Amino acid sequence: MHNPFVPETLEGWSVLHLLYRFDWPRLNSCSAPAREAIAAGAVTALEQTMSGDEAGATAFVQVLGHKADVMLILFRRSFDDLGRAELALAQTELHAYLLPTTSYVSIVELGMYEMTAKVHRLVEQKGLRPESEDYHAAFDALMAEQRQRVAGRLFPAIPAARHVCFYPMDKRRGELQNWYSESFERRAEMMLEHGKIGRHYAGKVTQIISGSIGYDDWEWGVDLFADDALTFKKLIYEMRFDEASAKFAAFGPFYIGLQFAPPDLGKLLKGELPSL
Amino acid sequence: MHNPFVPETLEGWSVLHLLYRFDWPRLNSCSAPAREAIAAGAVTALEQTMSGDEAGATAFVQVLGHKADVMLILFRRSFDDLGRAELALAQTELHAYLLPTTSYVSIVELGMYEMTAKVHRLVEQKGLRPESEDYHAAFDALMAEQRQRVAGRLFPAIPAARHVCFYPMDKRRGELQNWYSESFERRAEMMLEHGKIGRHYAGKVTQIISGSIGYDDWEWGVDLFADDALTFKKLIYEMRFDEASAKFAAFGPFYIGLQFAPPDLGKLLKGELPSL
Amino acid sequence: MHNPFVPETLEGWSVLHLLYRFDWPRLNSCSAPAREAIAAGAVTALEQTMSGDEAGATAFVQVLGHKADVMLILFRRSFDDLGRAELALAQTELHAYLLPTTSYVSIVELGMYEMTAKVHRLVEQKGLRPESEDYHAAFDALMAEQRQRVAGRLFPAIPAARHVCFYPMDKRRGELQNWYSESFERRAEMMLEHGKIGRHYAGKVTQIISGSIGYDDWEWGVDLFADDALTFKKLIYEMRFDEASAKFAAFGPFYIGLQFAPPDLGKLLKGELPSL
Amino acid sequence: MHNPFVPETLEGWSVLHLLYRFDWPRLNSCSAPAREAIAAGAVTALEQTMSGDEAGATAFVQVLGHKADVMLILFRRSFDDLGRAELALAQTELHAYLLPTTSYVSIVELGMYEMTAKVHRLVEQKGLRPESEDYHAAFDALMAEQRQRVAGRLFPAIPAARHVCFYPMDKRRGELQNWYSESFERRAEMMLEHGKIGRHYAGKVTQIISGSIGYDDWEWGVDLFADDALTFKKLIYEMRFDEASAKFAAFGPFYIGLQFAPPDLGKLLKGELPSL
Amino acid sequence: MHNPFVPETLEGWSVLHLLYRFDWPRLNSCSAPAREAIAAGAVTALEQTMSGDEAGATAFVQVLGHKADVMLILFRRSFDDLGRAELALAQTELHAYLLPTTSYVSIVELGMYEMTAKVHRLVEQKGLRPESEDYHAAFDALMAEQRQRVAGRLFPAIPAARHVCFYPMDKRRGELQNWYSESFERRAEMMLEHGKIGRHYAGKVTQIISGSIGYDDWEWGVDLFADDALTFKKLIYEMRFDEASAKFAAFGPFYIGLQFAPPDLGKLLKGELPSL
């Protein structure tokens, strides 16, 4: 059955954000070459849990402030692959210098308000009886077509931008303003308005949304990538005034950092600013 | 007295969720055979607190992210048996490598909105005077019959599915929307609607509800088991739009992981992905 | 002056709940006789801070889950006596194996809604001028009489039941539903209804209420004792539908455990299930 | 300018509450004379940061429960003096046995609702043009007079009572009931009613209010001193029904303890009940 | 596009607040000269990450209470520079004596309600077609002019005042009172009123606002600097009654401390009050 209240979603990478503080006093007691070796060992271990680009990717981010020193964003094919990578990391020498602070489990998701309405219309135009076998077949065929079309957004590469902003969020279920009690049309309308603001920032920021209902404590995770860190503040501030955010968004903690190339992990461990 | 506001409930297994992080640096300093021995010792200790399948079961889950490395779900006949198992685990060698992060105490529960209404009707049809001795006897007989009928759901085996999702929840008592101030009929209606969505996922997901009023910080614990992790997200997202969830559900933290066969605990301790 | 909004209360034992986790790895490195000696030392130390039954009592509870391994409930004559007991415990060998997780400070309290109304009526029937000296003398005499009558409930012995449930709670002060803005009569009415439900469980559960306004973070602490752990769930669930709870109760964390006889503390430290 | 919405306040001592748990295992490994020496050193160090009674005072409180073992309340002339005392304490031998749990920074404050209205009236009676230089001079002169009159309450000695209760609080800013949106007159009225209840407890309890807006996480800190611990519960319970508290008070954590004479700190460290 | 709901903002320094507790027992085991050397090393390391005044500044603050012993406020040209400074600090000897408690990431921001309205009017007066290329060019030119005019407030020096107060804050998005749903005009009006109160304290307090949307858990960080600590309490209390604060401000934790000159860090480590 296709629940008329629920927008269809398409899913891609399984995602694991891992945030750690370094045990600096112990790291500082290692020689520079030792730190390079520790870093190289960890990068290799993570790579060995993947076979080829198809298998996933890992972003490395130096996080500002006390919340973490480093954030790893793992894109993989399945939760099994995430579990395998997490265990591989636990076996590295680096792991003994890591103090886990938080993490986030999710799956890359495209929420398809416009698409859902469109697919429903197309199926209806064909005159199919709702919930009949033909109806489901037609629906599934159209969704598969869409999935093909947006495959690049479901399984994106890590955007090559210096700044990374990550935060989880919910749609609010207040006693007076409850996203989940709004009609499909109102929600679609608000998401459309919300999306328009985002499009003004096209080229300046890349956004990857992942769904975490059933996997973690918030409903969605948002990763933003930009060359200019100001873009995050401008974008999110402007969005805060649109109805979908102003009335219905609840935000979790924000994490901000500097993305760097995996081979530069050794520089980070030595206290030198790594670069992308 | 049978309080007309309160749905009857039937109870089964006493349940204890135990979540731990591993002390990886110390585990990693053990040889592979030592880790196998540590694992075997813990599995044996837990088994020895039970005598036969009737006595209970234990699920082993590798948890993703920082919240835990492993979750044990203990089904037992009583809180005494849970206490005995928890102490047995504390005496194992493994326990010295475990850092407790959280836990959950509950009892498998079937909330019987439909049943309660039906039993009330049946008893009334027999023309019994409410709260008379005959009335109570008839009521108790019907409940015992039901208990027999649903015994398999009160004392289920651990579902043999790869993915496990656990979360606690409440029914909200807001100032404007208060589940416990709604009439029995409205609540029964909403639970019926809620249940219908669940039934569309029959065969894809197995759900075990346990009640924790008086035992832990939320009113219920929910365990979901599925082969495909996407099922959790699809199911819970769809349910979030039904009235019982949209208006009245408050959710605690979510835990997601990979179930594995107890003999594979040694693989987990060695950093290899265990399988079911 | 007798504030007409405020129900009179009568007070008994000073109460201190102390919850600890065990440092199991270090405990496990002690021999069995050593653990017995550690336990005996702690029990003796606590006893030595009392002289006779009049001086108080201590309940020992094995707590389920990660919140604690053991809960001690101290009933004493005064806060001085509680302070003395806490210090005595700190000097024991056991204390080095205890990791404090939480505690609760309160005084056994009987909230007298019905009594207050009755005493007010009696004093008025005598035709005394409110707030006159005679009025106060008559009032105080009647209260002293009541205090005598309920002395057993103000200074109860520890109920000899296997299961113990402890939780703190508040009466809510919401913007729309505020317990403290309701009239004395409405509150008395709701407490009466609330009490009726409790009385249906008479013989199955013993309840000890203690007041903690000014002493700890919630307004009251509730200790329930029952042979059958299911009683807690049934009772609290049923109560959640009465108006006093549904609209006005806010609940803190719940602690559940197995009461045992003090001489069995040694068994607990050795990882064996202690019994009452 | 004198903002007509804002009550004038008068200020006295700078206040620092410091709460610590003891590292009992390490303390217990010290001999009795060593513990006496550790205590004496800390008391001396705190005294040396003051010169004479004018310079301040320090209260010593044994706290009940897990929140702390000891609370120090420092009254000093300035934040510089508080900083100096905190550093002096950090240099003592005792400090190595202290585990800080929480603290509170504030300044003794008299909120002058009645006074403000009165001063405004007096100034107006003199026919001064609001905000003129004469107006300000007259206002300041009247306030200085008041400050003189209440100097003893701005720079009080530590009340010599056995029991101490400390808690921080806010005035609520809810969406429907917002203290800061109420008129000056309504607030003055509610504070008057609130104060009347307090006066019924005159002689039984001494209250010291300190303001912490801009200094700590709540708006005010409240210290109560009484010989009989029951007084706190009776007083705060009764106040909870007045409008200022019922609708507008938000309370932080409560700390309860036994005040003792500084020379008795050594007894506390040896596990003996110290006395006042 | 210029979103008519959103006030323009101008940005300056990238800001990082770092708060630490000292590991006093270990610090106290160092000799006085060793502590001086540790301090000097840290000050030098932070300086070496900057080249000239243009590159930034660092404020040193002794924090009162348990939240921290020291707060560093880093003003830098970019997040890269903040990352570089944080890493440099991690490499110092001092770092091994620091226990991070919290931090805050933000960018100095001037919110330009008045300016935005004015710029919009000016551009309109020129008769430019909204969103045309000319319109944008005119708009950007006017903003650049403003940026030039307020450069000193975007890249301020550290105010030379003894007391420092830091707190983060949000504008509330309640179900009934939602800052982001108010019209631009209403918000501008409230910010104007809010600003007027601030101006009465001109000369007594210096305020630096930084924006943290997208960077940290609150929307803004506020740093206040004053010679007299009372100024903070008076100012923030008075502001709490204006509509922008009373109805719409949500406040995070408050940190209060004593600013000192960097060369005095050694005194602090030796337990002597450092001075500005």
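Think of it as A, B, C, D and E in the order they're written, each chain with its own count starting at 1.
Keep this in mind: a residue touches a chain if its C-beta (ideal position, glycine included) is under 8 Å from a C-beta of that chain, and two chains touch if they have at least 3 such contacts.
The structure presented is a predicted model; accordingly, all values stated were derived computationally and were not measured.
Per-chain CA centroids place chain B at a distance of 29 Å from chain C.
Chain centres here are Cα averages; for chain C and chain E they lie 48 Å apart.
Chain B has residues 175-176 in contact with two or more other chains.
Taken pairwise by the contact criterion, the protein chains form one closed cycle in which every chain touches exactly two others. In this entry the chains close into one ring whose order, counted from chain A toward chain B, is A, B, C, D, E.
Residues 1, 3, 5-6, 9, 11, 14, 16, 18-19, 78-80, 82-84, 86-88, 90-91, 95-96, 100-105, 107, 109, 173, 175-176, 178, 180-181, 211-217 of chain E are the ones touching chain A in the complex. On the chain C side of its complex with chain B, the touching residues are 21-22, 24-25, 28, 62, 64-67, 69, 162-163, 165, 167, 174-177, 197, 200, 224, 229-230, 232-238, 240-241, 243, 245-247, 253-254, 256-258, 268, 271-273.
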